[in-house]
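My structure is below; once you've seen it, I'll send some questions.
The chains carry the letters A, B and C, assigned in the order they are written, with residues numbered from 1 in each.
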């Protein structure tokens, strides 16, 4: 290993300009064991992610399995064109953005707030109890969750009966076939199912904050509100920003599996998103090229968003993904 | 740690407790409903009579599920996948997260971008399937362990944790004393990072416990199948009809609702048991953090 | 470098794996990349031809035991661990000397599993699938499945005989380019063509002193009476007169009475798309009347699962629906055996305002299930012979009734199931025991024998099927023919959008979310979405089919 390093030591300065480069190079040598650690990781990503990535070219082909990816005929932007020209393109784009926005505005802060509320609890047993309870919904399979939702929300379901009983409504509401209710049901149940689970990360970040900071602040006479603002929040800010970046990077992804379990043609108007559209189009008809084209379109938008937000975070918050 | 609580703070505490109690009920009820339904009779569930307590208590659904020898086989498989898979995940994720958390690592932004990129661009289902097949992993246990060996998301979370909680000075001084990077990682960074290790364990273990899709596409050999795939089969195939003029299996319909709930319980409980166990480490991590600083 | 090395290691691993599998005689994986298949032998120059080769149709098919890998989805009529647990297949192996290594795809309805199998581009010798009628030609044209026409001539005397005797069948099976790609399940008897027919609570009709509904108006009267007459006698108007799980079932039941249909149908040789025709509006208006008066299940768009329908029936609320004989009529009657009066009757298809009466919910003689042979199989000839055996007299009996003397006895020329099936000593119910002995003629590449279902069906179902079967009109229904690849590329994406649009609007009209004032705009929009071009393509395909 030393011989190797020495050999390349001679080469590199010839090719590169001197000065700064030499310093970086010394850094590389100094941290060589860190690079060695990274080898299996990088290898993994090459073998299981980058190697199959060439398959994305089927977006520009008419993929025929028995010809293979390489020999399937090129069709250029046909699938993209089909997607953009679809009668429903504008609508599914709008629905995707609106649902994502709801999730970002209501869902993302919910987990942080739950973590903060739990953190303020002084009774450790109660805290642990609530915390353990809050992640339960995450473990119930989506099919069962949606089944229960439909059950509860039926005209003669438990929710309508309760609302009727307390007199909020006079007539039962058939929630599942009314377009105006779909997004609320979808996003609301999503928060319910994931808020506890998502708060785990924030709780872990909270537990990483040094308790002596709080003690010092208490000595200085800062109240709990003050402590939360000046110690707790800054303490978990890096985690919040990183997760926010990732979330925004997934902006155009709305899970189609839950959509298709909950929607029906009466609610398409507000419920049909890119994912469910592609599911109907691509997967049930095994039209992989079309699916790949829409996937690529989504990825490009998401990745662009990610790069922009990351840039912004780097400047403003000095915390970023890279 | 004694505070002089103002009225506002007391009010906040009371409000907080009430809110979380109501929340707990909302979180708890559906699972309770599933448990109660799994031991009720099908007719009561269908008519909506089941809400708080079991109606027509019976364990027929559990009997049916546990009498299936495949349940035991796939249960064993799943435990193997969870243990082996999580171990591989943790080792590889740590090996990635630690170097990338070091600000003095030249090129780390490039590597990060290289990893983050995979969260957005993928070859899609078919190329991944072909890849696994060409690597010779098809129909082997490795097919469930290797393709998802690292989650880029988890790697980022872990890296962020290292970066924000391990003081640079600590590593510097350890290096002064001549500790190797492996030593630093093993005896300084990891002990200080038990909270995130616990979270990662939980995330990965749950992922392995719940996953069925990879098994469906990569494993044909039934003796390798995980529990979730079998459960899915039990759930879905009990709803078949005689579309094609065959006789179908209409007789399963009556009990299928309770079976669905029973299988949900069986598939959920074990992973629920892990969590409180891991939760201890969260607290421990905090303590250690206090002592070392 | 490293990546190359990895590749090398990987292919070594694959080779080793393949070797192990060959050694352990688990030839199920002989299609792994290591075992590169040679070019498929042409039918005339068989590479394993030996002098003493038996004639076509002779048994056993091979002298030395041969194993064929066969991919199949374990759905509907699957029971136990493996198809080789079925007595019929065990017996078949003895007769043909061909062993089938069943490779079981898993997955909900098999669609995912099948798509994945095909997407991988490598398939075993035989592939069985529930929708081979469309997928066979589709992948056949891509070169996945072998073109069977010459093989059928030479090696499939039984199957050939059936096609020769049923020219219509041959027309349906042959694609536009004149090829046959699969061995299909066949329904040669009217009894097996009836699928979902209207079923109604006979005991409720009696209670309300009503006759079985005949016309559309009768249906309205009966459903109204169920709604208002409290036939379940619990004092609450909780009856759901007509239950459905989707609009398609409703329209396929009532549409023909209005001289319309679900999608494509044929009117005097002209292909039509139902929602684009005037009659469709009348149908929707009638359905809207039912829906708004609460006679049609208010939740048919949400409760789309069969279990909801079961629930409504078993809680004594459902009045009528369209259903199968087995999983609906029989299973509901079983589930309601404690009910004092529960009794169902199947009705004739309703007569429309202009006297039109047609049964639209039927199968075709060419079933959807089928088995196709991989173009790369090394044993195409043997596979053809084995599949042909399924259509021999012996094969048909085995597939429908199992082994003589075990699961059935010949009584006066009628294959009667024994007590092993209908009174199983081990306590299996009739469905379970039936499936231990045979796969069932409706689920496999063979000819469905009507005497199979006749013995399984309830008396009411037999009666109903005979009543309904008379009203099948093949000239009005669009046949299960496949489009050519070019035709399909042209219409698939257009039609997908139209279907979404149609679903939204048709349901909207029925449920009253949309006013019929919008109807003209709906039709106009269909035109803008190029429905006329699509109809032209279907017309072309239909004419081609007729001209064969």
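We adopt the following convention: contacts are C-beta pairs under 8 Å (C-beta built on N, C-alpha and C of every residue); 3 or more make two chains touch, one makes a residue touch a chain.
Keep in mind it's a predicted model, so treat the numbers as computed, not measured.
K.L.:
Quickly list, by label, the chains bordering both subunit A and subunit C.
P.N.:
B
K.L.:
B-C or A-B: which has the larger count of contacting C-beta pairs?
P.N.:
It is A-B, judged by the count of C-beta pairs in contact.
K.L.:
What chain lies farthest away from subunit B once each centre is taken as the mean of the Cα atoms?
P.N.:
Centroid comparison gives C as the farthest chain from subunit B.
K.L.:
With chain centres taken as the means of their Cα atoms, state the distance from subunit B to subunit C in Å.
P.N.:
Centre-to-centre distance between subunit B and subunit C: 39 Å.
K.L.:
With chain centres defined as C-alpha means, what is the inter-centre distance between subunit A and subunit B in Å?
P.N.:
Result: the chain centres lie 16 Å from each other.
K.L.:
Can you list the subunit C residues in contact with two or more other chains?
P.N.:
Touching at least two other chains: 119-121.
K.L.:
Among the residues of subunit A, which ones contact at least 2 other chains?
P.N.:
Residues 47, 51, 65, 288.
K.L.:
What are the residues of subunit B that contact at least two other chains?
P.N.:
125-126, 130, 135
K.L.:
Where on subunit B is subunit A touching in the complex?
P.N.:
Result: residues 1, 3, 6, 8-9, 12-13, 16-17, 19-21, 23-24, 26-28, 30-31, 33-34, 48, 51, 92, 95-96, 98-100, 102, 104-128, 130-131, 135, 146-147, 149-150, 153, 155-157, 160-161, 163-165, 180-182, 185, 195-196, 198-199, 202, 206, 210, 235, 260-261, 264, 267-268, 271-272, 275-276, 279, 282-283, 285-286, 289-290, 293 of subunit B touch subunit A.
K.L.:
Applying the document's contact rule, which stretches of subunit A touch subunit B when the two form their complex?
P.N.:
Against subunit B, the touching part of subunit A is residues 24, 27-28, 31, 33-35, 37-38, 40-42, 44-45, 47-56, 58, 63, 65, 69, 114, 117-118, 120-122, 126, 128-141, 143-145, 148, 151, 156-158, 192, 196, 200-201, 203-205, 207-208, 210-212, 214-215, 218, 223-225, 235, 238-239, 242-243, 246, 249, 288, 291-292, 295-296, 299, 302-303, 306, 321-322.
K.L.:
Going by the contact rule at the top, pick out the subunit A residues touching subunit C in the complex.
P.N.:
43, 46-47, 51, 62, 64-68, 82, 86-88, 150, 154-155, 174, 176-177, 264-266, 268-269, 272, 280-281, 283-288, 290
K.L.:
Looking at the complex, which residues from subunit B come into contact with subunit C?
P.N.:
Against subunit C, subunit B makes touches at 43, 46-47, 125-126, 129-130, 133-136, 138-140, 216-217, 220, 222, 225, 229, 232-233, 236-237, 239-251, 253-254, 256-257.
K.L.:
Which subunit C residues qualify as touching subunit B in the complex?
P.N.:
Its residues touching subunit B are 10-11, 13-14, 17, 28-29, 32-33, 74-78, 81, 103-109, 112-113, 116, 119-122, 130, 185, 187, 192, 195, 305-307, 310-311, 314-315, 324-328, 330-331, 334-335, 363, 367-369, 429, 431-432, 434-435, 440-443, 448, 453, 456.
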